[in-house]
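Look for chain A in each of the two complexes below; its partner is chain B in the first and chain C in the second.
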Partner chain A sequence: MEEKNPFRNRGQFQAEKPSAETVGLVDRVPVHDEYLVGQQTAQTAPLPEELPSAFETATAHARTESRKNVTQTFWSLVRHQYKKNRVAVYALYLVYFLFAIAILADVLANDKPLYANYKGTTYFPVFKQYLADLRISAWSSDLVMADWKELEQSGAVTNAIWPPIRYSESDEDLANTLAAPSSAHLLGTDGIGRDVLAGMIHASRIALSIGFVSMSFAILIGVVLGALAGFYGGWVDSLISRLIEVVLTLPTFFLIIAVVAMVQQGSVWLIMVLIGLTSWPGIARFTRGEFLRIRNMEFVTAASALGLKNSRIIMRHVLPNSLAPVLITAAFGIAGAILIEAGLSFLGFGVPPTVVTWGSVLNDARNDIHAWWLAVFPGFAIFLAVVAYNLVGDGLRDALDPRLRD
Partner chain B sequence: MNVRAPFCGSYATFLALFMRQYIPSIFCLSFLSCVLFAGCSGSERPISTDNRVIEWELSDADALNPYNATSANALDVYEQIFQRLLTIDVHTMQYTVPILATSMPVESPDHLQYDFTLRKDIKWADGTPFTGADVIFSLKALKNPFNTMSAQNRIVVDAIHSAELIDGDPYRVRFTLWKPYFLVMQATFGDGLYILPKHIFDPTGLTDKYSWNDLAALIEASGDQPADSATLAAHKNPAMIEFATWFTDAARNRDPKYIQGTGPYKLESWVTGQYTRLVRNPYYVNHWGPDFAANPDTMLYKTINDFNAAATALKSHDVDLIGFIQPQYWVDIDTNHSGLKRTAFPLGQFSYIGFNEKSPIFRDPGVRWAMAYMVDRKTIIDKLLFGMARLTESPVWSAHPEYNGDLPIIPYDPARAAHILDSLDWKDHDGDGIRDKVIDGKRIPFRFTFTVNAGNETRKKELLIIAEALRKIGIDASVNTLEWSVYLERLRDHLLEAHLGGWINNPFESDEYQLYHSSQAKNRGSNYDNYHNPRADSLMVAIRLEFDPQKRIVMEKELQKIFYDDQTSLFLWEPLNTAAWLDRFDNVSWNGYRPGYDAATWKIRGANGGGMKATF
Partner chain C sequence: MAPGDPAELKAGVGTEGAQRGNQQLNEQIIQQIRAQWHLDKPIWYWTVFSDQKDSNDELLPLTKRLTFKWNGTNNQYHLWMADQLQGNFGVSFQDQRPVMDKILERVPITAFLSLISIFLSFIIAIPIGIYSAAKSRENSKIDRTVSTTLFVLYSLPSFWIATMLIIFFGGGDFLAWFPNNGLHGNDYPYSTWLANTGDLFWHLVLPILCYTYGSLAFLSRQMRGSMLEVIRQDYIRTARAKGLAEKVVVYKHALRNSLIPILTIIGGLLPAVVSGSIILETIFTIPGLGLLEFNALTSRDYPVIIETGLISSVLTLVGILLSDILYSVVDPRIAFTKKSA
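Take a look at the complex of A and B:
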């Protein structure tokens, strides 16, 4: 059973081959990416060819296994395991889908057309706006504050191709405030006539970036502190472990509310940083645990026997082998961060009023109780995103667990 | 060790584990609870006949000592506890009802002396008779400059020099003024100068140890304005300081032992964040007619610090009366079936957007005019206030004779606004979609922030509508919310670039000095936007010294025209006060004197006499 543990095999392989030293963290990052983004990259190619020699040190059973699957890497094994969990696979598709919406938000919902012909000139207003925002291009004086819908109605603009939703997130249709879902507004409008669907599409950017940015913060802090604690042990470990315990006792949500209340101009970035600063202890604990386990393995001993510096052992030998639990925690953490942000926006803290988030639409529902569409759709979006990330985390955990492997 | 360690780090993990196995049960449970809650809210509850009124308050009073309290919630409560020398007749809105005096005062021709004769049949809530000594004590207590809590309330007695017994008669009091003040009858005797019991608030006679001249010395030293801290430090009067310390102590602001007056009720208990409870004053006798009756045994002020929750509490009969319910809940009330009633009436408020004239953008009145053309007030009133407001172009209450109704209402006209901005060279010179202009050698983009108090969703939405309209003509306006006390602090420091606010006008003739005189732009005064116009300044001073009402009206109208031409503030509308109550009262009446009602005069239908205690 132990011998089947890919961690061990990988570890021994690295320790025995001096060339493993060159297979550093930089090389291995694309392997992670390959799993996450689904792209095969050139750097991953040398590894499989070297695998058989690694398996030679393992049992005979493992040897036969490795011959059957010559191209197997650790992550391809994980992917294989992950795919067995159908729910988790669909959840991953859902995450991809949310990302697609977030990236394409401006193309999906905008008050400018994608393509238009104005006075004989062809424009791509949505894309031109990007260039104008980047100061690469500028609008001519007659178009800079133009209302494209009016221009089309007056006949000045022809052949316009519009995004599926003809409203931006801040665009107000004051004639139709609190309108129920209809063909004009697929998911209805809020109290000041903003299209709920347009708002939710643009808000998906905030929801997803909150999750990723805050978890990046948390991983950065958690991995560094956890690695130091686990690798060095002793008083460093005691100190960091106590720090972890202290931060774990903080009531995260109320701490964030208190800080946000003190800061006079709230922003999405502040929320991201605050969530990151309070959610690292879990990651630090797992990293520390993994480090404690791995630092006593033979390949680490071998590496120190070869006279490598501690920093090199940590970065190139121990850290890459201890990232799996961090990944799982991060997937759950993203879901948690999305929930925290939705909760803050619902309570009216955090993001400025001009920014639409799923939680702020929910908050509007609180003021206009009949407007069920203000509660149901963003509520469902939050539910979907949180469940998707949780299921992905769940699937990852199962896929990474050697004991569940058949 | 392996990776399947328990995931204690995140509750989301727990949620996921939980959900995977129990999704069907979650759905069943939520469905069940929906049905249950729907059942609860739909059920008809019998209407209580308890002889008590439960009024809703958004937050606790800051204090119940009328000199130390500044919040409107406090006013609702202490109005039932303390009385004044005279008060307003809510039917005529004139200050013509003597309360603690037998008649209106005798005024000297130079408007510098006012002689009151006091009632001999009034007793404090502990049975001690009321005398002129209490009146003199009250004025001395309020004028004590070492009491920083009462600075705001002290303004109404700034014009008064002293109060003395006439020929030693304990029931005749003479007030002497420094200089004439045309609102002394309304603002001072009829409004701010509540009479407090001397034997309770000053048992050791500390106020006897400082004289009117001691007080005058402090005021003279700093001229017309209230004394500043340096002057106070130089005049160490031990008795005055000792009294101020004693008077501002928490006990004097909220202890039932101290909070008792000559009014119909006395404080029984105050549980912070929950309720304030008043019971009848056993020594109160109504000499003044039905407008001063005390029908309920108990007046209970329940604190629910959320508008939405308050509306729900009313619907579930947990409160009897909401003096101000937000329009979106007000329009929601089904008066046919819910056992609720509602009304809307003017109460002298006005809303405005202030643009700080220290800001280089808003220094120019032309820009403020362009802003005025950019606010679609009709749509906002329709959509957000549900029609519960009236357009205005003036800070004066439109019900008053001095209101200038000749000022044309400024329409929503983005083209006109854009034209004005273009003519002032506020154009988009750099093609980034935002107007800009070179001011004092620097290119300034037209970018600013509106600030509003957090929690007021209606105001926030109003600003979002305006900001979106501005965005379309190339002005980048963002909206920021600040917690109420922080918002007030920033306003008083004159630091907000643009803000949406409101004022409640007094029921008496308007005096714009507090809001728009240039002297009030300093020292944390109420001229929040640093408005400054020498002509307006001199008019505001002249109005305060003019005793001919007709001449004052002419001057007041001219002043409003100046405000209009300058667009001093972007005056928006006068909102109606929307109120709702549980239909268990007779004799319900509403008036224009804040808070717009006196629930003590209402009669509880079916109440079986007095003596019945509310069970709360």
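Take a look at the complex of A and C:
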């Protein structure tokens, strides 16, 4: 039972080797060692009379030795457990895939070629644009506003290698507005002739970064407040708990829409901050619960008996042991954040109208009931991102649940 | 989205008529409207950032506007709160009608829709949950298929499904089986009561579908989870050991206890019953509370926005309270009074 339940026991391993604490080695005990599971070969404490240097080398040696013998740390156990769930593993691959698309967006869909020969000079226009944006390099005057497709047709550009999709997200093909999917525009175009696929590829950046940034923000607030409430208890706890309850009662989506609608100029950052500000209570509650549970364990008592400062106990001893439920909430939270942002742009709030997001393309579909491609593809992208993160969260929850472990 | 503040909207700034008319008079009218709605007053008891503008009529950077000014009770929040406490909920900026009237006439529509969908999802979800949990022992393949389907259903964004249903079934280039907006057809005033009811439900098919599938999936998962939890317990093993039929074990012994967590969810649904869904009501143009909220937001109708937000917050609180009370009613092991140790 004991080996099977690292959740309950993580702390006790540390309590079993107080020798390191007593002799001031506390800082050198790596966090991972607290998770040693199934490795009960706690080094016998060297006698304090020994020379400090000899003692240190001895423990260091013993520690590297013991680490070689370790078969499973807590997180490797979790990873092992997670891999048993095939669906969750595929969902994680899907998340990686979406991130790859977001990072490579400029290479996948661009109105500039990757490589081209212009007037005898070799160019890498996509990458040169990065340098130009960073003001490291600049376009020559005849190429600043150049339309590379025209240049190629007129023969000025030769040997061009193009990205798979030859449109950028803001590239307007005015001859083909609201065109159905074809070989020229694989997923069709919107009302002003922007390629839907190119728009969706670039919009993946917004969707994924909204999920990540807003959740990082929520975790920051939630973990700090939850930790304070759980560790100190008393009036701090009552105060923070009441705050959590107040924020929980707010109608989140309505509140975000209201603020975004009131602000003159919406931006992606505003939405990230708002989602972060409204979604921390769940994380705070979990962290508080974990802190309440852990702060009464022996190793925390031992740490405080050793005279460690509260900040040190929180940061090095309690916090690392209480992050598991936060991770699960964050995975679901990212899915929720992506959904909220998509809903906002679907209603026409939030990001400025020139910015293409999955939700805004879907919104265009409402204006023209015949343009089915504007509804099917971006909606499917939203769905994929949401389901991927939900499945990862579900897999994490199962992997971290000691009851389901065999 | 509408630019500017409500007073400018009311005076029609930006419209052609206002541009042709007397600019000075127009400015006076705007100031009057602002004074009437208290929009010229500070928002809170104190001001931290003044709204000083530079010569180009643009706000100075935040650091230059940092002040500290005590505004006393003559501020928007205090005046609003005083009105609220006196039961005076204000009038809409748009049509000068009392906000409460506007809200109360929308509540029945939203509540009607939500109640139908909640009823449907409970009726369907509980058997699915029981079935899936029961199958998890003998045939895990069925259980896994059901679980995955429910998970996918749960993750489908409702506004996507709604748009797709309208495009493919609501008279786009594909099928025109169902009407795609509103609650009544064009011949509503001239038809019989029976025809109108039929027409209403015909209009409700797509919206109800969108309202229901998400909560259906959620409830089924909950039901399955709590059923599995209960079935693992000792008294179920005892029931099986004494030779009871599996049906009796599941429906008589396990079901009652597994319903406890489901019942408490009902409390949490209260705010949804009344505040509805902004997105879905906007898509289907259902004149409920959600559409009222949406219209208020786009036209900066502050009193309506504040009051609807307030109502949903209060209802969430009541919902939490209700589910706590329900919990102790259905589960005698949970008591609110402190046990003597």
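Criterion: the second predicted complex is superposed on the first by the 346 of 406 C-alpha atoms of A that agree within 3 Å, B and C clash if a C-alpha of one lies under 4 Å from a C-alpha of the other, contacts with A are read in each partner's own complex, and residues count from 1 in each chain.
Convention: contacts are C-beta pairs under 8 Å (C-beta built on N, C-alpha and C of every residue); 3 or more make two chains touch, one makes a residue touch a chain.
Every value quoted in this text rests on a predicted model; they were computed, and no experiment measured them.
In the superposed model, A:Phe124 makes contact with neither chain B nor chain C.
In the superposition on chain A, A:Leu339 contacts both chain B and chain C. Once the two complexes are laid over each other on the shared chain, residue contacts for A:Ile382 go to chain C alone; chain B is not touched. Once chain A of one complex is fitted onto chain A of the other, the partner contacts of A:Gly348 extend to both chain B and chain C. Contacts of A:Ala365 after superposition on the shared chain: chain C is touched, whereas chain B is not.
Of the two partner chains, chain B is the only one touched by A:Phe286; chain C is not. With both complexes superposed, B is the one of chain B and chain C in contact with more chain A residues. Look at A:Asn390: by the touch rule set out above, it reaches both chain B and chain C. Applying the stated contact rule after C-alpha superposition, one finds that A:Phe212 touches neither chain B nor chain C. In the superposition on chain A, contact is made by A:Gly191 with chain B only, not with chain C.
Comparing which residues of chain A touch chain B with which touch chain C, the overlap comprises 261, 264, 335, 339, 348, 366, 369, 386-387, 390-391, 394. Within the complex formed with chain A, the chain B residues making contact are 1-5, 7-13, 15-17, 19-20, 308, 328, 332, 376, 379, 383-384, 418, 428, 430-433, 449, 454-455, 457, 460-461, 463-465, 467-468, 471-474, 478-483, 486.
Contacts from chain A toward chain C in the complex involve residues 87, 248-251, 253-255, 257-258, 261-262, 264, 335, 339, 342-343, 346-349, 362, 365-366, 369-370, 372, 375-376, 379-380, 382-383, 386-387, 390-391, 394. Against chain B, the residues of chain A that register as touching in their complex are 132, 135, 138-141, 144-145, 147, 170-172, 174, 177, 191-193, 261, 264-266, 279, 281-283, 285-286, 289-290, 292-293, 324-325, 328-329, 332-333, 335-336, 339, 348, 352-354, 364, 366-369, 386-387, 389-391, 393-394, 397, 400-403. Partner chain A is touched in their complex by these residues of chain C: 1, 3, 148, 151-152, 154-157, 159-161, 163-164, 166-168, 170-174, 180, 271, 275, 278-279, 282-283, 293-294, 297-298, 300, 305, 308-309, 312-313, 316-317, 320.
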